[in-house]
Every structure is written in C-alpha cells, then in structure tokens.
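What follows are several structures.
You will see chain A twice below: alongside chain B first, and alongside chain C after that.
This part shows the complex of A and B:
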C-alpha cells in the first residue's frame, strides 16, 4: 500500500511534471504544426456555444482557484477566517465546478452525436474528455462531501505540493486522505502528464502576447539593407535554420 | 517615406469568360487535400449573385474588415480585445454550410454493384463524414443565375439601388451578368494579420505576399472572421487556417501564379508596385469614398529619380525597381487609372485591382415600336409583346454609360464604396478606347467624336493604343513582369542550404533514415 502511495504521490507527480515540461517544449519547437486548439466550430457552431463557454469559463476559474490556494496558502486561510467569506468562496467554486461539468457533458454529447464532429474525433480526444469528466466529477463530489476544501487545501495540500517543489516530499497528510481526494490529486497529475500528447496543449499557447503586439506584422526574410551592402560580412546575413 | 515593393495584380473583367480554369489550376496544386476540399483560394462568382461563401460582402453578417471608430480604425468582428474574449466561441465565425459541404461520388458502385434491374448509380458522399448526403450547394452554384431570386436578388451590392433600378436589372430581356474572379488581395492593411492572436499571419517584406505560418497558427480562427473577402479558410482537419499564397514558390522561380498562368481569358496581369508604407494607417482611416484615391496616391512613380533613390536606400533591389517600371499593374492602376480595388470600404487596402466590365454596361435598352417588325414575322412568332431594343449606338457617347443595363450605382457599390463618379471615369475611358479603335479599324465613327471622347477622359491616341495593346494583344511577358527573387540570395532566404546537405532534400529537414550501424 505504501509503495503504491509513494508511487502515486511522489514518483508520478515528478514524472508528470518532467513529461509535461519536456514534452511540451519538444512538441512546441519541433512539431509546431501539431499544436492547435483543433477548434471544431467551423463544422458546428450552435451547440458548441453551450458546451465550450461554461466549460472554459468554469475551468479557468477553478484552475486559478486551486493555483491561488497552492501559491498563497496563508492568504487563503486568512481570507477564509471569516466564515461568510469562506462560504462565498465555496459556493462560487462549486458553481464554476458545476459549470465545467455541464459544459463538458454538453461537449461530450455533441462530440458523439454530431456526425461531422465524430469525423474529427480521435481516440485521444475521447480519452481526454473522459479523464476531465472523471476529474470534475470527483472535484464536485469533494466540494459537496468534504466541505471547506478552500481551507483544508491551503492547510494540508499546499504544504504537500510545496514539499514536492522543494524536492523533499512530505506525504504523511496526503496518505491519510480519503480515496476520493487522492484520486482527484492523481487525476490532476494525469492531466498534466497527458498535455504533450493531446489537444490539451493548446492552453499552453494561449495567445496573451496579442495584447501587446502591434496589429500589423511584416517579416523580412533577410535584413534588406545589409544584405545588399557588399561590406556586410557573410556571417551577419547568414540565414538561420529554425 | 518607407518605400516597399508589392506584387500586385490586375484582373480585366471585360475579358473573363467565367470558365473556372483558374480555380481548378489552384485547386489541383494547393487545396486537393483533406480538410481543404471546400476551399477555393481562387473562386469565380457571377455578379449579381451572392458569391462564396453566401453573401460574403454583407459585413452585418460576417463582421469582416475595419470600421472607423472614435479611436481610429478598428477591426469590426475581431481585434483587441475581441480576438481574445471570443476565443472559446467566435460568434461571427462562418460554418461550413455557409460555403458548402464538400462531396464526391461512390464511383466504384458503378462497377462493383451486383447485376440487377436498374442501372447502378454513384451516390454523393460527404467528404467530411463519408456518409451519403443530399447536395444542396456547391462552390459556384450561382453560376450564370443572375435572374434567380435565390442568388442575384440577394446580392448585398443591390443595397443602395432604387426599387426601380433593381427591378430593371432583373427583367428577363435586360438581364446581364459578369464574372468576378477572386483571390486573396494581399492587402496593405490586412485584417487577417491584425486579427491573429498567435501572430501567425504576416506580410512578407520583400514582395508583400500575406502568408499564414502553419507552424504557428493555433486554430483560433479569428482571421476567418476578420478577412472581409473571406479569403482565409479554416482547415477542419488540421485545425489550421490557410489562404492563397500567391504561388510564392512559383514567383520565386520566375513563374506566374497558377491561376494567372492558366487563365483562358488572359484577364490577369501581375507586376510590382512601389508604395509608401508610412501612409498605410492614414489612408486606411480616410473617409469612405476617399480611400481609393488616397490608396492610389500611395503608389509611387517608379520612374521618379527621388523615388528610385529612396527605394534603393530602403533596400529595394535594382531588379525590383526595373520590374516596377515595366509593371502592367502600374500601367493599369496608376498611369491609365483604369482599375479599382474591390470593396475599398472594407479598408484593408487590397492590392488586387479590377478593370470594371464595360460590356454589360455599354448596351442600353430603349423603347421602340416593333409593330412593323412583327408584321413581317411568321404567325407563330408574331406576337412579341415587348418593344425593347438593345441600343448599342455610340452616338450618345457617355449617355449610354449612365443609362446602362447595370446601374452605375451597382458597379460603384462593388468597386468604389458607392461613389459612381469613380467607376464612371473608368468606364468612360474604356469606352473612349473602344471608340478610338473602332475608328482605326472600321472607320465608321466620326473623328470628332473620338477626339472628344479621348479628350474628355484625358487619353491620347497613343495611350489608347497602349491600353488596347495591353488589353488585347499582350504577350505572356507583358502580362506578368515578375521581379527576380535573387536566387543567389533567395536560395538562402529561409535557411542556409549547407546545413541540410545530405538530408532528404526539398521539403524535409529531417535526415535520411539510418539503416543499421
């Protein structure tokens, strides 16, 4: 049992993170053509709306919620010290969790019932959707069955995650958790693990740099002035192989 | 002043016969692939008609192009922040049914079906799902249907016409249509580039070709909305957007793009234009009917010594300047002022120009007394209730242009943001050239009339002959003046060839497979 626990909560998280980092870097640099959101809106746009919007909005809120509790456990606990705030936080988180659940279900139904969407569906897409679905069902279950997660996550799980970061895993608290929560943790690392192998990679390339970019882009294949100047050394205009 | 060179195109609409050879040439080379079956980087539309995708010109539906706002021009349906806030679901995204569902036929059934009482048939099959389907729409299914209520009457360009003018266009006897071949305009202020959140779309500095980097495109599909001409297409299989690349591999090798090379009507011209890139933003923000004139002002005279000097100092190659001087695009667009861009009001500053068609304009219809004529006819054909006659007499000169079968307003809605004067000018010039040539070859038009026509339009017999030559007699090398890509540099345009020595050659960077030690 302990061996399994150690594998799931010590070894696997490291494997997942390493695979994520190197996998994403490799795919981004060497297989850029495969990095896409693979949007299917072009084939079907109406029912997509009812799936994609609740799913994406929900998952963003939930993800950043988890991230905050992980990165700023003290602040989270301080915020939660007033019961009303804690309740508001829990209700909000649960609502957005439900939103993910509803959206994902709608997306799933659309994916299997619409023949055009079926035509662009791979086995991996189904696997990822099932993985996400399992994760969000567990998440909602935890929210209902194991109240005040906003606090105990900051108190128990954040230290565990930080211990992983510091390369000195402290797993006592995690080993003692109910299996539902354990499954949720493993699910989270499983999702991370799958990113380089699936369409999930699109969140890594979220185009936020658009905000600071000028609208128009002109690319010169070479420096037009120096290449026509005979005094330019060859090494200066030597083209780069990407 | 920031002088750049742009490969520009001119399509002479009087000459297009609507054969679609251009579309097929393009399809065979570039888009005969999974996910691209529905794409026609080059397509030919019948006007009046709704086009492809249906009613693409109606930006109330598709939200393409730029619009003037309080802080300068902004993208209508994309841009900051819309490209990001609509990223999960783009409310203005066309879907495949706005184009058509690509199909093929189960041809093998014709051969393999078991013997039976009926002839076997090849059923249409969707190229997306592989299932049998009912074909409802094809890429050019409004071909030649300018009288049909489904297509012609839904043409967005009919908007500013009076009900009487509209009615007149669709009377069977008066009906006229022309063809409008379309490719990406390789705009100076491209909406597609501006809308792309990933920054995958860019304009090539050297020749102004607008390209989508397939390695960087992430399928956020904002360009599909932003291009008002609907010339970026989403590949539903690869999850990347694609568009016309102006056959840049052919251009770099000195060959004309496939659509132009194959054009049966020889309507297509391609050449360099030099322009001042510093003016792009202010021109694109000009009042609607000024945009065309300001855009033409941006284009510089390649013979002007100052322009040449400053082009050179800006790194434009001598060979490119030479090409600009011989450019047929320069002649049509600037020197003779005969061509106009399509829908300048979209403010993308398109660099594909059209010589508007005179043919359907030239003949007007007048009411005549047909009684005498009908008396002579066989009883069967005797009753001819209408008394219209095509009037192709040229005595009236420009009068016929104003009373043309196509209301001038319709042409203006297409080519000059609704300003009839700008289109009218071009048509009058075309008419003057015709009168002049008629006088030269047949001689039944009075010299005085020809002279007044030429004088009115600012042409001389010499320039009229030049226009006639380039329109009707031009050779391949007159129609396509392609600047040298400078192979000595271009071979290394993207990468150093030496590094890939010994690898698999053109198109692949990975090394050859290693078999054993």
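This part shows the complex of A and C:
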C-alpha cells in the first residue's frame, strides 16, 4: 500500500510534470500546427455555447481557486476565519464546479449525438472527456462530502504541493486522506500528464492577446451589382459593416 | 491511535517486569489515569486503542518501554508490531514525553499483581481536567470556528471537524465529529490530542503552528460544554443546503451566460453571408 501511495503521490507527480514540460515543448516544435483546440464551432454552434461557456468559465474559476489556496495558504486561511466568508467561498466554488459539470456534460452529449462532431471525434477526445468528467465529479463530491475544502487544502495540500516543488516530498498527510480526495489529486496529475497527447494542449496557446487587441473591422460590399456598375456613384455603394 | 499503541506497549512491558513496589504501582496508576486512560482500558476492551489486559505477556518489556517513551520513533522505524497496531487502530499514539522513570512505573502498574492490566480490571476514564471558566469556553468557541485566530497561525478546528453547538457554524467533515469527544476520550485524552496531534493530517496542519496551553485549555473547555449540552443544540447539516445553493447559483450563472452572449451567432456561421448574397442578387 505504501509503495502504491509513494508511486501515486511522489513518483507520478514528477513524471506528469516532466512529461508535460518536454511533451508540450516537443509537440510545439515538431508538430506546431497540431497545437490547437481543434474547434468544431463551424460544424455546430448552438449546443456548443451551452457546453463550452459553462465549462471554460467554470474551470478557470475553479483552477485559479485551487491555485490561490496553493500559492497563498495563509491568506486563504485568514479569509476563511470569518464563517460567512468561508461559506460564501465554498458555495461559489461549488457553483462554478457545477458549471463545469453542466458544460462538460453538454459537450459530451453533443459529441456523441451530433453526426458532424462524431465524424471528427477521436478515441483520445473521448478518453479526455471521461477523465475530466471523473475529475469534476470527484471535485463536486469533495466539495459536498468533505467540506470545508478551502481550509484543509490550504492547511494540508498546499504544504504537500510545495514539498513536491522543493523536491522534498512530505506525504504523511496525503497518504492518510480519504480515497476520494486522493483520487482527485491523482486525477489532476493525470490530466497534466495527458496534455501533450491530446487537444488539452490548446490551453498553452490560449489567445490571451484577443482580450486586449483592437477590434477587427469587417467591411462588407452589400450590393455587388451596384458596385460593379461604373455609373453608380461611390456614395451609394460605399462598403460598410452594418 | 498513537496513544493507544503506546498504552499497548506499556501493557507489554509489565509482563516482564518484576513485582512492582507499592509506590511504583501508585505512581504508575496515576500516570495511567492521566495519560493513558482516555484511549485504553485495563481489560480486553478496545477503546481508541487496544485494551491492555495481558499486554505484558504479549510484548517484550524493552519494546514496550521504547514504545511508551518514543512511539513516534518506533512507528517510524518500520517496526512490524507497531505497524500492525497502526494498521489495526489507525491512529498513531502521540509522544507524551514520558520519562524513563514514568515508563518504569507504568510498566510496573500494568504488569504488577493485585490489580492493573494483568488482573483485567476496568478503569473508567476520569475527568481530571479542571472545569473551564465561562471566558475560556467562549474563547474556545471563537477559536473553534476561527473568529479568533490561533496565535501561531494554525487552521481553525472547523476546517475539518464538526460539533453540534448553536454558537458555531457547521464544521468540516474531513475528520471526526467532536460533539461527544469529551465523553469518549475524557479531558486528558482531548487535551493530549489537541496538544500533540497523533493524526497525520492534523500533524501536518499544525506543524510549526502548535496551539498554546491557553488555547488548548479553552478548546477542551468548549468541547466539554458542547458534550454536556448537546441535547440543547441543533445539528447543522449543510449537505443539502450547499447542494441547493450550488444548483441555484448554477442556474443564475447559465442565465448570466445567456445574457452576456445574447448577441451570439445562433445559426451557421456563414448563414448571414449566404442571406446577404441571396438578397443582393
């Protein structure tokens, strides 16, 4: 049992990080054009909205919530020391977790039921969606079944993760946690491990510059017959974007 | 657990001990009542740790002494007996800083004739903790749920523990529910566990953030009061409320998404282009 725990919470995290770093670098340099989310928005857009928006907004909030507790455990504990703030934080985190669950479910249903999407679906896509689904279900389970995660994460898991960063793993507390939480931790590193081999790699090339770039003006020549007529005055056929 | 294992070790010690003097028995009994009785019985009944009847016949005296004095070292040394106890009882016995003389006295008590473990006597867990003052109880209440932070920055108790008490919010459920912990472990047991956590998760959480004696006393007082007045308080189970709040929040979020992206393209991306072409031809 100890050997398995040691593998899962010491060896595997390092393997996952190494595979992630070198795998992403290799794929970016050697197969750069595959570093993409492989968007299927051109094939189907209506259901996609109710999948991708709840999923991505939820996952961003949940991810940065975990990151905050990892990087700033003292501040997290100080925030949680006021009971109302603790409850607000936990309910908010659970809400965005459910948002991830709703979005991911919609994406999976779309992928399975829409023939256009099915045609471009790979086995890896299905594997990744199942992995993510398991991870978010475990996360919601932990939020309800092992409250108040924001506090005990800061007290126990942040030190564990920092011990990995410092190359001096402290695993006593992690070994003693319930299996649901242990599975969630292993799932997180498994997702990291899978990034170079799947479309998850798109997050390293997220078009963050879109947030601050100037608008792109799209000009449309409305009346094509008129514009080709040399007798039509410019003022009547001027291109516009409305 | 560690405490239990330690007591088990003590019982083993007494097997190989010679006839103890009356003084040693009295002294050992006092130590037992103060430090061991919260988790161990003197008969075969399991409490938090194993019952200590006949423990000195099961274990080597030197091993028991070593285990009583430094259970953390024995548990960390891949000792097969200690590992087996930990696997069975789950909670490692804490290090109570028992001296050589105290260990000898305990061994004498557990292994001596006319009483103690060998005689299969049952000892009730006494409350040797002095009654807490009202101020201490209120302090413990605030410390438990974090309204007052621990001096050394440790996490609040309710991060992992719940207790039925109207004055505090529902606590965490990662670790044991503590409403009846005072009855189960007694004052010394509760104090020992808070002051020297035997559980790995709790140990890590309070590493270099030990509670002060005043904080420990306040928490023990609060838990004693919660135990005594449990019938007067309502349990706060947030389970279903948290779920409902989360679902309601998600519905609101979905509405917000729809509102923010109300001008999104709902048909085919090139539908409007197609329509314009048709219109202009």
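Keep this in mind: the second predicted complex is superposed on the first by the 208 of 242 C-alpha atoms of A that agree within 3 Å, B and C clash if a C-alpha of one lies under 4 Å from a C-alpha of the other, contacts with A are read in each partner's own complex, and residues count from 1 in each chain.
Everything that follows uses one rule, which is that a residue touches a chain if its C-beta (ideal position, glycine included) is under 8 Å from a C-beta of that chain, and two chains touch if they have at least 3 such contacts.
Predicted model, so just to flag it, every value in this text is computed and none were measured.
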Which of chain B and chain C A:118 touches, first, second, both or neither: first
First (chain B), second (chain C), both or neither touched by A:225: both
Which of chain B and chain C A:144 touches, first, second, both or neither: second
Partner chain in contact with A:53 - chain B first, chain C second, else both or neither: both
Chain B versus chain C as contact partner of A:45, first or second or both or neither: both
First, second, both or neither for A:33, with chain B first and chain C second: first
Which of chain B and chain C A:15 touches, first, second, both or neither: neither
Contacts of A:205 with chain B and chain C, given as first, second, both or neither: first
Chain A positions touched by chain B in one structure and by chain C in the second: 41-42, 45, 49, 53, 57, 220, 222, 224-225
Residue numbers on chain C that touch chain A, as the complex places them: 145-147, 149, 153-156, 158-160, 168-174, 199-201, 203-205, 207, 238-239, 242-243, 245-247, 249-250, 253-254, 257, 261, 264-269, 276-277, 280-281
Chain A-facing residues of chain B, complex: 79-81, 83-84, 87-90, 93-96, 128-131, 189-190, 193-194, 196-199, 201-206, 214-221, 224, 234, 236-240, 280, 313-317, 489, 492-496, 499-500, 509
Residues on chain A engaged by chain B in the complex (per definition of touch): 32-33, 35-45, 48-49, 52-53, 56-57, 115-116, 118-120, 202, 205, 207-211, 213, 215-222, 224-225, 227-228, 238-242
For the chain A and chain C complex, residues of the former touching the latter: 41-42, 45-46, 49-50, 53-54, 57-58, 74, 77-78, 80-83, 86-87, 90-92, 94-99, 102, 140, 143-148, 151-152, 154-156, 159-160, 170, 172-173, 175-178, 220, 222-225
